[in-house]
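Below: one structure in C-alpha cells.
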Amino acid sequence: MLAPGVWGVVATPFTGSALDVDEPSLARLVEHYAALGVAGLTVLGVFGEAARLDTAERRAVLETVLDSVDLPVVVGATGLSTAPVIEDVALAAELAGPRLAGAMVQVNSGDPQVLSRHLAAVHEATGAGLVVQDYPLVSGVRVGPAALAAALSATPGVVAVKAEAPPTTTAIATLTESLDLPVFGGLGGLGLLDELAAGAAGAMTGFSFPEGLLACVEAWRTGGYSAAREAFLPYLPLVNFEQQATVALAIRKECLRRRGLIMDAGVRPPAAALPEALREQLHRHVTAVSTMTEVA
Amino acid sequence: MLAPGVWGVVATPFTGSALDVDEPSLARLVEHYAALGVAGLTVLGVFGEAARLDTAERRAVLETVLDSVDLPVVVGATGLSTAPVIEDVALAAELAGPRLAGAMVQVNSGDPQVLSRHLAAVHEATGAGLVVQDYPLVSGVRVGPAALAAALSATPGVVAVKAEAPPTTTAIATLTESLDLPVFGGLGGLGLLDELAAGAAGAMTGFSFPEGLLACVEAWRTGGYSAAREAFLPYLPLVNFEQQATVALAIRKECLRRRGLIMDAGVRPPAAALPEALREQLHRHVTAVSTMTEVA
Amino acid sequence: MLAPGVWGVVATPFTGSALDVDEPSLARLVEHYAALGVAGLTVLGVFGEAARLDTAERRAVLETVLDSVDLPVVVGATGLSTAPVIEDVALAAELAGPRLAGAMVQVNSGDPQVLSRHLAAVHEATGAGLVVQDYPLVSGVRVGPAALAAALSATPGVVAVKAEAPPTTTAIATLTESLDLPVFGGLGGLGLLDELAAGAAGAMTGFSFPEGLLACVEAWRTGGYSAAREAFLPYLPLVNFEQQATVALAIRKECLRRRGLIMDAGVRPPAAALPEALREQLHRHVTAVSTMTEVA
Amino acid sequence: MLAPGVWGVVATPFTGSALDVDEPSLARLVEHYAALGVAGLTVLGVFGEAARLDTAERRAVLETVLDSVDLPVVVGATGLSTAPVIEDVALAAELAGPRLAGAMVQVNSGDPQVLSRHLAAVHEATGAGLVVQDYPLVSGVRVGPAALAAALSATPGVVAVKAEAPPTTTAIATLTESLDLPVFGGLGGLGLLDELAAGAAGAMTGFSFPEGLLACVEAWRTGGYSAAREAFLPYLPLVNFEQQATVALAIRKECLRRRGLIMDAGVRPPAAALPEALREQLHRHVTAVSTMTEVA
C-alpha cells in the first residue's frame, strides 16, 4: 500500500523559448519537496506534461528526480491500452528499481471486467504496484465509484487510488468503505478538506505550495476538521485560483517560478500559456500566501 | 445597467415528499435576502429549478417573491430559442412590471450573429433589459469571450452579463475591457475574489451564506484584495464544498434548511439528492461558518 | 402498445423571414403522410422543433394535425422533469383525446429508479401511454440499454421505446429481448435495416421520403433482409446525406420543400440554416430518389 | 501533394487470445490492397489501433507493410504535442524513407496559431510531408473549417487533409475552396458520395470492402454523381452497419476475417468486442455485398 500523506506531483520545468527540459530546475524543485518531508513524489503525471515529452525526455526526467532525492516515486504511464502502458511501467521499474512505490495507470474503461484485466496484465507483466487514477477530464473514460470499487476489489497489485472524478467526496466515501486501499485526492487540493473527511489517505496533487497540503493533512490527523480548516485557510484562495480550467498548469508553473523553485514558467503547447490578465492577481495571491504562512 | 453588488439567486423550496412549492419558506428566504441588503434577487434561474416547475408554479414563485420583498428582480427564462424565451420574459414583465431589472437569457449559439439576433428579438418583443448568461454546463452552448463580446456590443437592451464559462476570470477580463456592461460571477462564488480582480461588478449566485458574498464584495470595494480575501476566507471551505458537481443544489438546500431559512431541503429529480456521506461534513462546515462569522 | 410500422415524425413548417408557423403547409404535409398509409404521426418532437415553439404555437400545431388527418398521434413533451412534462402531456391528452396513441417522454436519468418514478408519475397524472425516447444527443442523459430495460420493466404505462443512443442495433437487441414492448429506430433511418434485424417494430423518424421507410419496413415483414435491402437502397444515399450533424434539419426541410410538401424550408435559430455548399448535391439526391422510385 | 483516390487505412490484425500482432495476416491484407490498385496505404492510424501498440509493435507493423508491398504509405503519429509526434514521425521517416508519402498528424488545437506552429515544427524537424487529420471524436480537439483553413494556409509541408469532423461535407467544401490541398473523407465512407461532391480528392478510410470505395471514386471521376451513386449503392448498407459508434472496429475486423483477409478478428481492449447480437446481420451484409459485386 502507498504511504498516506502528501505526494507531490512534480511539474516538468522547461527552459527558454525552445522549451527544453530544465533538469537543474527539476532537481531544485524536487529537493524542495524532499526538504518539506512529503511522503513521496509523483513523476510523469498529467501535471508533469508526460504526454508532451518524448521517450528520451521522459527517461531524463525520471533519472533526474531519482538522482536528486531519496524519496519513493510514483511514475505515471500515458495511454489507455495494455501494451503501451506495460512499456511505460517497465521502463519506470527498470529505472527506479525498489524506489518505485507505484505506477500510475489511468482508468481505461467503464466496464469493471475490462479495467480489471488491464490492471492485472500490467501488474503481472511488470511486478509494479499500481496507483489507479480516475480522471475522466483527461482520460475521457467514465466509471462510477461502485463499478470502480468492483473492478479494484477483484484486482491484485493495486496499491492506491487517485480519485479525480467529481464529486470526489462521494467517490472517496464509496471507495474507502468498500476497499482496503488508500485513496488520494487530487485536483489541486480544491476539495482536500472534504476528501479527508470522506476518508482520503492524503493528497496527491501539484499545488504550487505543497506546504499547504502538508499542513492541512497533518492538522487533520492530529486535530480533525477544525485544525485542518484553520491550517488550510490561508492557501485556499490560491488553490481556487490555480485550479481554473485550461489555465491551471500555466498558473502553477508561474507560481513555482515566482517562488524561485523553477527558472522559467513555460508550458508546452497545446497547453494554454498564462493569460496576461491573470498576472497581477497571481502576484497578489502568492504574496499573500507567502506573508500569511511565512513560506517563501 | 444592472446595479453592481450581490444579486441573490433564489432557491425554490419544496415541501414534503410531494415536493410542492413551499411558498412560506420562499417568502422567508427572500425576506432574509432583503434584510441583508442585497442589490436584488434572481428568480427562476437554474438554481431556482425553473426547468422543473410547470407554468403555474413559475408564476406562483415569482408572485411570492414580488409580494414578500421590495427588491428589484432578475427573472430567468428557460430555453434557447426566441419564441419560448419571449413567452417567459413577457410573463415576467407582466408580473414584475417596473421591478423587472432584467430578464436572464442563455447564450444560445456560438455564432455572434445568431446570438445577437436572438437577444435583439427578445428585447424588442418585451422591452425587458437582458442579463445574458453564459453557462455552457447547462446550455450546452460554447461561445468564446471574444465572440460573446462581439455579439453583445452589437445588441441593444443588454443590461448585464453573468459569466459562468470557466475560466471565468479571463472571460470577465475580456468582457469588461471591451464592453461597457456590468459582468457578474456565479458558480457559487468559487472564483469570486479573482472575478472581482478581473473587473466583475459583483456576484450573482446561490451560495447558502450570501452574507459571505456581501462581505467579500463590500470589502473589495473599500479595501481591495487584502480586505476581500480576509472577509471571504471563513466562507471559502463551504463555498468549495457546496460547488461540487451534480450535488451542489442538494447541498445548498440542506444548508439553507439548517440555517432555518427553508423548511425542507428536497430537490426535484432528476437532480441528485444529498448523499448521506456528505451530511456530517456539511454540518461541520455550516457550524464553522456560523461560529466564525456569528451568522446564524 | 404502439402499432408497429412507420410513424412519421412531423416537421413544423415556418413561413417567410418571420418564421411563423405555416399551418397550410403543415396540413399538406400530414395529408401526404396519411395518403401513404403510415401507422401514425409523431408531433412536437425534436424534429418538429417543439422546443422552439411557444405554448400557443404548440397548441396550434397539434390542432392542425388533428384537424387535417385521422391518424393516431404520438405527442412529444419537452423537458426532463416531472412537473413540466405532465403539463405538456396533459395538454396533449386534452387536445387529442382518444387519438393520443402515446406521449413521447425523454429518458431523464441514468438511474433506473429515478427514470421509472418519473415515467410512472407522468402516466399516473395523465393516463397517457408513454413512448420513451432515449436520445442522449438531445437530452444529455446517458443510460445503458440494460439500465433502460430495468427501468421500463418496472414501469406501468409504457407503450413503446424510441431508441436513438448509438449503437442502436445492440440497444434494440437488448431491449426487445428483455421487454415485451415495441422498439422503434429513429436517426433518420440511418440504421433502419440493422434495427429491423435487431427486432425493431419499425421506424419513427423524419426522413423526407417516408415512402422509403415504408417500403423498407413492409419489405422486411414480407421478404426479410434481402427484400428490405433492395427496397431501401434507392433511398440510402439521401438518408446518409440528410442525417448529417447540425445541418440535418435544414436539409430535410429543404427536401420537403422541393417535394412540394411545404412552402418554405426555414428553420428557427439556433438551428443551422442550409449551407449553400450543400444545395446542388441535395438537388441531385432528391432527383435521383424521385426518378428511381417514381415518387414525386 | 498526396495522390488522389483511395488510401486504404490498414487494420492491425491480432492473433489468438494473446492478441499478438499477426504479421502474416497483415501482409495478406496489404497485398490485397495492392492488388486492388489503391493509391497508397495509411498505417498506424486510429483504425490500425496504433495507440494500443508498443514501440516494437509499431515498428514491426510498419516494416511488415513496407516489406509486403511497394505502395506509398502515410504513417500515423499518436499524441497531440510536438515532441512525441516528432519522435513518431522521425521513426516513420527512417523506416519508410522515400516511400513515406506523408505523416498523419492530429489537429491539436482550436487555435490556428498553435496548430500551425505545431505542424511547422514537426515538418521542420523531420522533413516529412504532413497529412493533417481533423478527428475530434478521437483527439477531443474542435477547430472549425475556417480556422483549420487559416492554420493550414500559413503552414509549409502539409500535403493533405483528412476531414473527419461532421458535417464533413461543409468542412470539405470550405477547405477545398480556400486551400490548394487534397482533402480526403474518412469515417468509413459514410458520406463519401457527398464528400466527393464537395470536392474531396478521395477516401482514406478502413471500410472492409475497399473495392466499394475504389468503385465509387473511379465512377465519380468518369461519370459523376449518377455513376458514383450506382457504383456505391451495393456497399452502402454495409458501410452504415460498419460505421456504428463504439463497435465499428470490431465489425470491420470480423468482415475482414470473413473475407479471408485476416485470420482472427480480435481487437485490443478497451475497444469493444463484437456483440453477438450483430453477428447474423454482419453475415447477411457480407454475403449480399459479395454476391451483388462478385467480390469474394
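Read from first to last, the chains carry the letters A, B, C and D; within each, the first residue is number 1.
Keep in mind that, in the parts below, a contact is a pair of C-beta atoms (placed from the backbone, for glycine too) under 8 Å apart; a residue touches a chain by one contact, two chains touch by 3 or more.
Quantities reported herein were computed from a predicted structural model and do not represent experimental measurements.
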- Message: Do chain B and chain C, two copies of one chain sequence, contact each other through the same residue numbers, with over half in common, or through different ones?
- Response: same
- Does A-D or A-B have more contacting C-beta pairs? A-B
- Item | Inter-centroid spacing, chain D versus chain B (mean Cα positions, whole Å) | 48
- Message: Quick check: how many Å separate the C-alpha centres of chain A and chain D?
- Response: 36
- Query: If you average the CA atoms of chain A and of chain B, how many Å lie between those two points?
  - Reply: 33
- Which residues does chain D have that touch at least 2 chains other than itself? none
- Message: Help me check something: in the complex, which residues belonging to chain B touch chain A?
- Response: 166-170, 173-174, 190-191, 193-194, 197-198, 225-226, 229, 232-234, 236-237, 240-241, 244-247, 275, 277-278, 280-281, 284, 288
- Note on the structure: Interface with chain D, chain A side, in the complex: residues 49, 51-55, 57, 79-84, 86-87, 108-109, 111, 114, 117-118, 140-141, 268-270
